[in-house]
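As written, the chains take the letters A, B and C, and residue 1 is the first residue of each chain.
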Amino acid sequence: MSADVVIVGGGIQGLSTAVHLGHRGVRTLVIEKDYCGRHASGVNAGGVLRAGRYPEELPISHAALEIWSGAQSIVDDDCGFRPIGRLKIAESDDEMAHLAECAAFVRRLGYDHECLLDRGELRELEPGVGAHAVGALLVPGDGHANPFRTVAAYRRKARSLGSEVREGTRVLGARRVGGTWRIDTDGGAVEAPVLVNTAGAWGDRIAAAIGDPVPLEAVAPMLMVTGRMPTVMRTRIGAVDRVLSIVQIPNGTVVIGGGYQGHADRDTNATTLDYAKLAFNARIAATMFPALREARIVRCWAGIEGHTPDGRPVIGPSASEEGAFHAFGFCSHGFHLGPAIGRILAELVTSGRSNLPIEPFRVDRFAQRG
Amino acid sequence: MRAAIAARRHGADVLVLDERAAPGGQIWRDVETPAFGDARTLGDDYAHGASLVAEFRSCGAQYRPGTLVWDVSRDRVLRIAGDPGAHSVEATRIVVASGAIERPFPVPGWTLPGVVAAGGAQALLKSAALVPAGPVVLAGTGALLLLLAWQYLRLGVPLAAVLETTPRGSAWRSAARLPGALAAGGYVVKGLRMLHAIRSAGVMHLRGVQALRALGERRLERVEYRAQGRDAAIDAQLLLLHQGVVPDVNLTMALGCAHDWDAGQLCLRPRTDAWGNTDIEGVALAGDGAGIAGAACAGLAGELSGLEAAHRLGRIGRAERDRLAAAPRAALARSLRVRPFLEALHRPRDDDRVPRGDDVIVCRCEEVRAGTVRAEIARGAADPNAIKSRTRCGMGPCQGRYCGLTVTEMIAAARGMAQDAVGYFRIRPPIKPIPLADLLALDRGEAPPEVALPGTRAQAPVQR
Amino acid sequence: MFVRHATAAAAATLTIIVDGREVQVPAGVSVAAALLGAGAVVLGAAPVSGRPRGPWCLMGTCFGCLVEIDGVPDERACAVTVRDAMRIVLTPAAAAPAPACDPWGPGA
């Protein structure tokens, strides 16, 4: 056997799984076709966000935040996590009313992590916000982490716990023979009793090899970063009805995005940018924080992400084979969840159960739809 | 300029986009308005640029100075900044002639005020008639270093020293390639004349200089080095460093052109055919941006790319193109014969390209030191982009122009890999930072189809 | 560090304001050339360490000569031509935590 568990995909999902399995004394082999952090986990906007999720994700999301806060003791690195808080800014009374409803709904579910700010309170927190902003929903404790640093930390910790990480190695196929998975790669075959699929935007291909068809679309969410600027904002910024994400990171640069899509080619890793959308994105950002009009854009890019038809990830055991587990298709909001996903998968692998509810994320839910 | 002139001669509709304010590039910078009044003050090669610029001005090409091309897409849409009237241009055919930049020279103290690239000092000379205010040290290797020294001497500027890092024996090793060099004409003679001027002016001129370091508290105060087995130092307030120029590959990288490592030039160059065509339909390169060959070759390559453009646009047939190309192609071949000799003569030392000390700054913009880069390589990073993500090396406004080659070579040296296998930073647009306003100008005013993630009204969890 | 050569072509003179101080410079040159010709050594502070920083490439590619021009920060001094009454700030307003650097250098 090459390992007790083979993990396909060396992003945050796969590496956090390797760390949590390592803590349980399980030997893992992580196979990554490029280098860890090459894709979504390493090039995203760094959002550590409980808010703005489907309600089914909230338990995982809250568990993840605890792990982020304790990252130093889990992976010997704080991953650059800064709980600077997250604002969803309302630009009209109607949007403000909607935010109030959202906050109330979430409170009824038993979470008290969101609070409303009126016009004055918003300006006290963010003096640079545009004059038209009416108020905001604040999630204190949410914030920002450094994506590549996080991946590097999880990789390092996994290896220190005995995991082997094989980069530049592509999985070509997988078959279950007897009680063993035989996985073909372009660097030779490997075998293990358990296979974990954390292959991100390529997760459907691994899932198909396992026998679990999943309709996954590869998308290319675009981001841009400015040069260093004086302080423009202190929290992570989002909007209500508009697609927007802005954060100013400790070195003074501002990362602008939110989810406008370019185009991705999964086979060449190439992404192309859509400037009309980027320009629209930039305009909204500059409306929200007028000081951004003075910004210089230093770089635009797009990662490759996997989106499912219902916007929720695939998490859980294979529906067709023993000894296989999935965690992929995070629809551009998987970075924050990653640390908790690894623990869920480690529990599934070692005990067959997960302490957090994952039924809504079953891999075979797409076939069940009419 | 030559590409435009050649294409115009056959009736092509030509638009030239120039980041600078006037034609001439770097070699003939400001030659229309010479800072010394008479361009010949800086030598005949510089002065001759004036007639080419005049020919370009009258060839009928549209010329837009002060215009930065910050992105080119594979379908040949150029995004531009600096022109108040236009923000993008569509082209049937593109010739990129972005030229070269100084090779990085990562020695201790190279980021101190008072340490300037020799090419930069030459730019000040051409554009503003600025010369060193006091004794100046020139250090490194390359024809530009000697040319600048010669230009300063003619202007009566005192030179404290010319410290060539070229190994002392290299002249002999290069002699093995000499027959080709002699056939290429006056390069060698010119070089010897400059050396003679330096020697007869009594300027200290050393070869085989190693362990260059620039020292000072808040500005340069002293230059230390080792030569002929002895450590030495010179008090100086201005040190001009140069170890060759390399193609500025950021635009060709962002476009997705294939690049190869050139072992003679020790840099990456975009892959082109004999007409300058890249592997991207309709995009060609000419000049030092495609590989370092000097001004004469750049002009000839420009002419060939202009003829190719005229042909691809249907203005001249293939046979006509080949007939017209015969003379410039022959001249180009002759001029290229000296390159191996010059590359060997002016090969930058390994230690001057891959810094040994941990304290040397590799990335000027983000002040990332060699030790930091090496630590990441030791932790397993074998891809320059992993180094970049982890250390910020290459994330600053110069976008890797002055650290990219250093990082690639550091990984290659540490891991025993070929530079081609190591690769380079992934370069994305804009290829120089642009004001937000230039991006806003591409907004078509239509809201994109994307809807906000869960939590907004579109998919709110609330029962309304 | 640099000085305009005695045989330079005659040029009109402009007045620019550098850190509040009026400086006479030749017309038609870049801001970097004007500052260097007037005796400047340091053009600003490096963004990470705050240490004094001077120009390197002087051809618009290294972004080491960044100064504030007429209120716009982070302009490449080597890429902008001087204009009469241009206001230039060398020491960044959002000061990096570095000792104040005298842009004119010792003994200038």
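Heads up, the rule we're going with is that a residue touches a chain if its C-beta (ideal position, glycine included) is under 8 Å from a C-beta of that chain, and two chains touch if they have at least 3 such contacts.
Model, not experiment: these values are computed from the prediction.
Peer 1: Taking contacts as defined above, which has more of them, A-B or A-C?
Peer 2: A-B
Peer 1: Would you mind checking which chain's C-alpha centre is most distant from the centre of chain A?
Peer 2: Taking each chain's C-alpha mean as its centre, the farthest from chain A is C.
Peer 1: In whole angstrom, how far does the Cα centroid of chain B sit from the Cα centroid of chain C?
Peer 2: Taking the average C-alpha coordinate of chain B and of chain C, the gap between them is 23 Å.
Peer 1: Taking the mean of the C-alpha atoms as each chain's centre, how many Å separate chain A from chain B?
Peer 2: Once rounded, the distance between the two centres reads 39 Å.
Peer 1: How many Å are there between the centre of chain A and the centre of chain C, using C-alpha atoms for each centre?
Peer 2: Inter-chain centre distance comes to 45 Å.
Peer 1: Provide the list of chain C residues touching at least two other chains, using ranges where the numbers run on.
Peer 2: 47-48, 74, in rising order.
Peer 1: At which residue positions does chain A touch at least two other chains?
Peer 2: Correct list: 227, 251, 294, 296.
Peer 1: Which residues belonging to chain B are in contact with no fewer than two other chains?
Peer 2: Residues 396-397, 433 of chain B each touch two or more of the other chains.
Peer 1: Which stretch or stretches of chain B touch chain C in the complex?
Peer 2: The touching residues are 19-21, 26, 33-37, 41, 101-102, 111-117, 119-121, 123-124, 127-133, 155, 218-219, 237-238, 248, 364-367, 396-398, 401-402, 432-433.
Peer 1: What part of chain A is in contact with chain B in the complex they form?
Peer 2: Within the complex, chain A contacts chain B at residues 35, 37-38, 42, 51-55, 88, 98, 101-102, 105-106, 147-149, 152, 156, 224, 226-227, 239-244, 251, 258-261, 270, 272-280, 282-283, 286, 292-301, 311, 331-333.
Peer 1: For chain C, which residues are in contact with chain A within the complex?
Peer 2: Residues of chain C touching chain A: 47-48, 72-74, 93-94.
Peer 1: Along chain A, where are the residues that touch chain C in the complex?
Peer 2: Counting only chain A, the residues touching chain C are 227-228, 230-231, 251-252, 294, 296.
Peer 1: Inside the complex, what are the residues of chain B that reach chain A?
Peer 2: For chain B paired with chain A, touching residues are 71, 73-74, 79, 256, 379, 381-383, 385-386, 389-390, 392, 395-397, 399, 428-430, 433-437, 439-444, 446-448, 450-462, 464.
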